[in-house]
């Protein structure tokens, strides 16, 4: 370690894995959260409780479960995904999907009461209604995406287990920090930690800017 | 490549700017231990000796194998000293000693240990015991390691065949041992067949099993895991793994540290080390050979 | 032939009776003022007609189409809902531009972009907010927002326009603009309008016909001049004179 290109490689993989995972997680979590927040059906309360429980799932437990699934002797062993970046993406998808679903759920529920009757009386079909409320809740949903991203990129237990921290292959920032610390290179660990912090900061700033931009762009047209 | 390193330069610059704020506040733990430590040790002793607690920094192998669990209770009940075990890689264990965060080290990397003593961080170094390293791998042995006569030759065969080899790559004693064998074999391992796991021995073995790969492992950890890997090379002199125990010079509890060390190198401790694992594996995992260095 | 006819309507929430109407008929092209004390069931009546609230029993004949309000399919409800429009007391603005707010109902109906643009700017002109078309709706004042809500309703060209105390929280200037727009729409398009209000002068100014709702029942129904000049029931007389305490 210590070579800048190696550091860069680790950062790049972290970004790739987490961005992919959050993207896939958003495709699963946001629609699921919106449906749970806006539709009533039998078993809905149980489903909501399950989502909220899964939000607090310990990452290490996710790691163990994904590990056992992908292991050579496990049910999905034939896919040979263990110790690959794909395995880390899978674990992080499991981690972030409930977070995105749960935060989307509470975001749309906060807007539901006020806006759904208005949309209904304007003649919205059920699917148009969902889409309108989701758009109206976009700030809360973006906050959920930011939270999920931060949680995923800073997670270490699951990616260590299923990724294996293999140099040039599955070593990401958090597992690199663990390794550097174990080798007694506290400064390098701290340095990587600060880069991680910087990335979180930049990412959240972009999100905030994106939200503000949306408002400003329309104002400027006046 | 040039572009990459330039971007990375800026990234590092950014990080250093961030660091600048912190580093002044954090006392640099790496440098200048000698003048700082006496003050630190003077502050501690009264409360610590009452508590009768001591920190043993050791490698994961001694804990993962179960050795410490087997022998430390005897020491604790005999002396009333509670041993707090921090099981980490040899690199970190030595660092813990340098920073004064441990009282005794039990590690296995002779060059690093000698350096630790030479630099004035440690005193009273003893050989305690040794165990063996194995080169393990898939039963099918695609590289033909079984037919090799020495550890170096075994690694040469693996490199020739480009069979997957998993290195711990964590600067641990085992990792250092592996690197020294590669060096003696005249090979600089690189390429997609040579993976660096950056994890402990148990995890690395697990990975080797999953990936049908070769790896270098200590005997104790290997025997304590039930895996589909076979021992393909053992007994070579290069594969012996001596453990040393060292008192950290800056310790605030030199008497307690001495008691722990004399237990390890003394008759009772040595006997227990020799017996350890016999009931479970049919042979002892560690060979006691205490002597003052 | 009445254009809106309600029969055997009974609304209850948690076993508490809210509104009971044996029979109610509205003719096409008139403005109906619905007055009564707070909590009498006026707003509930509007919500039931707009199919936002399900009664225990009741049938509605809407421009010739007879439906059972207690068991209405989504598709049928939507088809009827799309022929009316609703303005609530507090304007609910979506966090987007004024244009998008007014266009929302038209987009739900999948009209083409050009038609939407034309109709939205026409509606905004009617409420005198054409210059605010690109402003964020959240930055409008209360009175402006209510006028946008009105534009959002009339842009749909509804047969029936439901107004639930639409000017209760507006300043006099906005009230006057609002009433002019309603009158204009009514004259130009012949829209049938139901306006719930407890502002009696407003009912006098706007309505052709008034209904007095009290304790969940329609106590009196008459054309506006008769309604105010010769109230038949004691309750209405008390209400008009301000003697009724509620």
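Here the chain labels run A, B and C in written order, and each chain numbers its own residues starting at 1.
As a convention for this text, contacts are C-beta pairs under 8 Å (C-beta built on N, C-alpha and C of every residue); 3 or more make two chains touch, one makes a residue touch a chain.
Not measured: the values here are computed from a predicted model.
Student: Farthest from subunit B in C-alpha centre terms, which chain would that be?
Tutor: So the chain farthest away from subunit B turns out to be C.
Student: What chain is most central when centres are computed from CA atoms?
Tutor: A
Student: Express in whole angstrom the distance between the two chain centres, defined as the mean CA positions of subunit A and subunit B.
Tutor: Here subunit A and subunit B have centroids separated by 36 Å.
Student: Taking each chain's centre as the mean position of its Cα atoms, how many Å separate subunit B from subunit C?
Tutor: 80
Student: Can you give the whole-Å distance between the Cα centres of subunit A and subunit C?
Tutor: 45
Student: Taking the touch rule as given, give the residues of subunit B at its contact with subunit A in the complex, in rising order.
Tutor: Touch residues, subunit B against subunit A: 1, 4-5, 7-9, 11-12, 14-15, 18-19, 22, 29-30, 88-89, 91-96, 98, 169-172, 195-199, 203, 207, 209-211.
Student: Quick one: which bits of subunit C touch subunit A in the complex? Just the residue numbers, please.
Tutor: Per the touch definition, subunit C meets subunit A at residues 50, 52, 74, 78, 81-82, 85-86, 88, 92, 94-97, 104-105, 108-109, 134-136, 139, 152, 156.
Student: Residues of subunit A touching subunit B in their complex?
Tutor: Its residues touching subunit B are 4-5, 7-8, 11, 71-72, 82-83, 160, 164-169, 171, 175-176, 178-179, 181-187, 190-191, 194-195, 197-198.
Student: Sort out for me which residues of subunit A touch subunit C in the complex.
Tutor: 114-115, 117-126, 128, 132, 135-136, 215, 218-219, 221-222
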